[in-house]
Amino acid sequence: MFEFIVGHYNYWMYVGLMMIGFYAMMAKRNLIKKIIGMNIFQSAIILFYISTSVKKGDVTVPILEHAHDGHGAHAVDIMHYANPLPHVLMLTAIVVMVATLGVAVAVTIMIYRRYQTLEEDEIIMSIRRG
Amino acid sequence: MILPLDFILILFVFICAVAAITIKDLLSAVVILGAYSFLMCLLWTEMAAIDVAFTEASVSASIGTVLMIGCVAKTKRRSKD
Amino acid sequence: MVAQIPILIVVIPLISSLFCPLIGLWRKGLCYFWTVFSLSLCALASIDTLLTVMESGTIHYRLGGWTPPFGIEYVVDHLNAMMLVIVSVISLIVAIYSKRSVEQELPRRFVYFYTVFLLQVTGFLGIVITGDLFNLYVFLEISSLAGYALIAIGEDGAPLATFRYIVMGTIGACFYLLGVGYIYISTGSLNMADVQQILPQLYHSKVVLTAVAFLLAGLAVKMALFPVHVWLPDAYTKAPSAASALIAPLMTKISLYVMIRVLFTVFKPYLSIELLPITDIMVWAGFVAILGGGIMALAQTDFKRMLCYVVVAEVGYIVGGVGLANTIAMQGAILHILNDAVMTIGLFAVAGIIVYKNKSHNISDFHGLFKKMPFTMAAFVVGALSIIGVPPTCGFFSKWYLIHGAVIAEHWAFLAALLLSSLISVVLFFRVIEIGFVFEASHGGHAHSTGHVATIDEAPLSMLIPTIAIAIGIILIGVYNQTILSNIIAFAVPKL
Amino acid sequence: MIRDSQDVIVKTLSRLLVPFMVIYALYVIMHGHHSPGGGFQGGVILAAGFVLLVVSHGLEQTRKRLSEKAAGVLSSIGVFIYAGIGALCLILGGNYLDYGKLSKLLPVVPAEARSLGILGVEIGVALAVMAVMFTIFLVIFTVGEFPEDDRSEK
Amino acid sequence: MKILSLMTAVLVGAVLIYGTLDMPKWGDPHSPANTHVSPYYLHHSLEHTATPNVVTSVLADYRGYDTLGETTVIFTAGMACILLLRAGRKRRGKGDV
């Protein structure tokens, strides 16, 4: 049981982090708060992916050593390097995150210039009033 | 990967995440979000994902924070929740 | 060189979108012709791909020359190829149609509108053609970001609708990403065919169960299935007419395509039919969506908003049809993807023309439109009849197969929903037709007293010809549905 | 919104810092094969250099070095370098993005050609990312500097 | 509203945690994710691409098409921002773009 918890507690941490972001995205009225929640949510997912690439033991970054001599004559001990594939995927996801952030910020500024407020309920009120 | 360090970093990440969504001053919230990104980046360095950590440090913690600060500067600093 | 044609489908709109702002620096007007030119090349390439697939079966294309589980692979089978043709041809038609409308609604944003338009099409085609789970996510994000931008420049209130769309869309995309992550952690692969090979031993694992749930939940948000459709009506109503004519028919259909792909290619069909009650849930979700969308549509006074709820109801048709899980219903569902894309674009094109001439999309402003723009309204009537499901039009046939499938599956509630939905559509569209036609006839005297009425006349040819072409297409697809069915869709249906 | 800083210390320090940032960014781009880094990181650091320039020396000074129009052109060119290298492989008879076929043009073995292809791609990515990040920054920070946009006229 | 959101968030979290119960242990070097595809990259990166940094070689070569998509995402974001906030604007004196 203890073994199980040690092996899985960190997944639960990430899920908790994700849910903080998810809650902020849905419950907060302020648009910038929603964007902050979005950011937290996405980076927690990235953390989850990265944690799949971890190998316990004597592990280093996935940059091969002894690269200077010859053309890959060395047999690479894969247990010695972290799994590179999730890293690659998450590089993409980080960039997607920042791109979404840029567009969301631009839309937020458009909304503010039209309604002079960032609270969602006030915006809806001012739309109702015409 | 060192377990106590991992624990401490995750604790800080949690504190930053909760603080970022509860603080009413938006500029502080955004800066705390920058701190959150930076702690995330430390966490990834510690998990041997050095490229991801570098990207997060340069993309999310710097440019992302700058964009958010721009957004707050162009709009309002106070929020109701 | 012939073997390289599948890649051109995505790369042509991508590269031409890069040149679009550069051309815009020189001549603004050329952007339009550039867009039409590149999209017609793209449509030719996709039609060629469809013909190749029909002749020689599934095409595999290895990007970078790497073998599949290690590199990214394109897999084009009958379903893919059909979707590619739908997407590229419809975007070509919208591109031709959009010129006058964009000039009127967004005069200063002409250049960048077409740049983002091309990127949107790139995203759609990339989603459809790929055989890799993560690559699909990347292109999903391209199309979402471009869609946010195209919607946000619409009329008053569009930015708020877009913001909600961004929040919902990000939730949907992130759920999809989470689902892919759960699949990755339990299989270690991202290639769809490879995952299908590995997964069957793991079907009882909780990880895979959660992965299915999250993939489908994310896609349900993207396709606007009834309870989570809330972002759709606002966003598509407020968008500029050219943008809504592009996004409304395609975005939901592509998410539906991805759903079929996930259910029957990534997972084996028996998972969702026998092991888990996914298909039963889908039929009921479709039932709720058809009725919910129909009833909400009845309550609208805004033409575009009404069409949006019709789209929500049509999503229910397809989800329910896939959920019935027999060959006939599945054929009906896939045929309905084609038909619905064509019908929706026809109706949104008519709405765009009316906005262009009438400056309003409120139904009560439609008085006497039949007399003023007879061709447009003829196209509208064809589209409306198709949505209702009247025989010579294509909507009848797919609905027929769906009903047939429901009878085979003995799912009477869904059958009742299908029939009721036709009835609701009759009420919906005859209300519009009545205002546009009958009202004018009873007040015949008004037609002679020309005044402000004279300003509204038939639409310009660049808008009218695509609209008429779509109306003719609706009837042609209806007449030749047997050919399409036996040559393409019969092979596209997943082996159950 | 953005005024140039009147502080001598800020101006001098940033004048000293910016060249080093650019050099470091180029190092990150070029040395991505052997150390962490690559196009994205380097491109963002380049953009950060321009952001620092805007903050310390003001918009007009920065526009002289990289105008908005040039940034737009650069972003197109950056993505085009990437897609173009892919298309070049297509023309040389390989599949799309098959850099090994570049060995027909370059006097190296296919493995080295792939390495060089990666370098070319990274440069394209860096240009695109730099230009786009700078553009987004400028767009957001200069809202409202010009006369009203067409939305508020209605 | 807040209670509803909290309940949704907790529900989603519960489903996610339910999914993690069957996952391989954290840091297990023999989990499928670490043994199926990724060893190929570590073994062959030097031989195929002459690039010691495996992340770079996978990013730009093995999965280069993803990176092309990613660059396109960035480009789309830039064009979207220009379309939203810049393009509709009147330039002082000059003609508009």
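Chains: A, B, C, D and E, in written order; residue numbering restarts at 1 for each.
Throughout what follows, contacts are C-beta pairs under 8 Å (C-beta built on N, C-alpha and C of every residue); 3 or more make two chains touch, one makes a residue touch a chain.
The structure presented is a predicted model; accordingly, all values stated were derived computationally and were not measured.
**Q** What are the mutual neighbours of chain A and chain C in this structure?
**A** Touching chain A and chain C alike, sorted by label: D, E.
**Q** Would you identify the chain whose Cα-based centre sits farthest away from the centre of chain D?
**A** Chain C.
**Q** C-E versus B-D: which interface comes out with more C-beta contact pairs?
**A** Here the pair linked by more C-beta pairs in contact is C-E.
**Q** Quick check: how many Å separate the C-alpha centres of chain A and chain B?
**A** 11
**Q** Please work out the Cα centroid separation of chain A and chain E, and write it as a whole number of Å.
**A** Each chain reduced to its C-alpha mean, chain A and chain E end up 9 Å apart.
**Q** Could you give the separation in Å between the centres of chain C and chain D, each centre being the mean of its C-alpha atoms?
**A** For chain C versus chain D, the centre distance works out to 35 Å.
**Q** Could you please state the distance in Å, as a whole number, between where the Cα atoms of chain A are centred and where those of chain D are centred?
**A** 23
**Q** If you look at chain A, which of its residues touch at least two other chains?
**A** As it turns out, chain A has residues touching two or more other chains at 10, 16, 22-23, 26, 51-54, 56, 61-63, 67, 71, 85-87, 89, 91-92, 95-96, 98-100, 102-103, 105-110, 114.
**Q** Can you pull out the residues of chain C that are in contact with at least two other chains?
**A** If we look for residues of chain C contacting two or more partner chains, we find 14, 18, 21, 25, 63-64, 108, 134, 138, 141, 145, 148-149, 152, 156, 178, 184-185, 190.
**Q** Can you list the residues of chain B that touch 2 or more other chains?
**A** 1, 50-51, 55, 59, 63, 67, 70-71, 74
**Q** Mind listing the chain D positions that touch chain B in their complex?
**A** 1, 36-38, 40-41, 44-45, 47-48, 51, 133, 136-137, 140-141, 143-144
**Q** Going by the contact rule at the top, pick out the chain C residues touching chain A in the complex.
**A** 134, 138, 141, 145, 148-149, 152, 156-157, 159-160, 162-163, 166-167, 170-171, 174, 177-178, 181, 184-185, 190
**Q** Looking at the complex, which residues from chain E come into contact with chain C?
**A** Where chain E meets chain C, its residues are 15-16, 18-24, 31-38, 40-41, 61-66, 68-70, 72-73, 75-77, 79-80, 82-84, 87-90, 96-97.
**Q** Looking at the complex, which residues from chain E come into contact with chain A?
**A** Chain E residues touching chain A: 1-2, 5-6, 8-10, 12-13, 16-17, 20-21, 23, 25-29, 31, 33-34, 37-39, 41-47, 50, 52-55, 58-59, 63, 66-67, 69-70, 73-74, 76-78, 80-81, 84-85.
**Q** Quick one: in the complex, what on chain C touches chain D?
**A** Per the stated touch rule, the residues are 4, 7, 11, 14-15, 18-19, 21-22, 25, 61-65, 107-108, 156.
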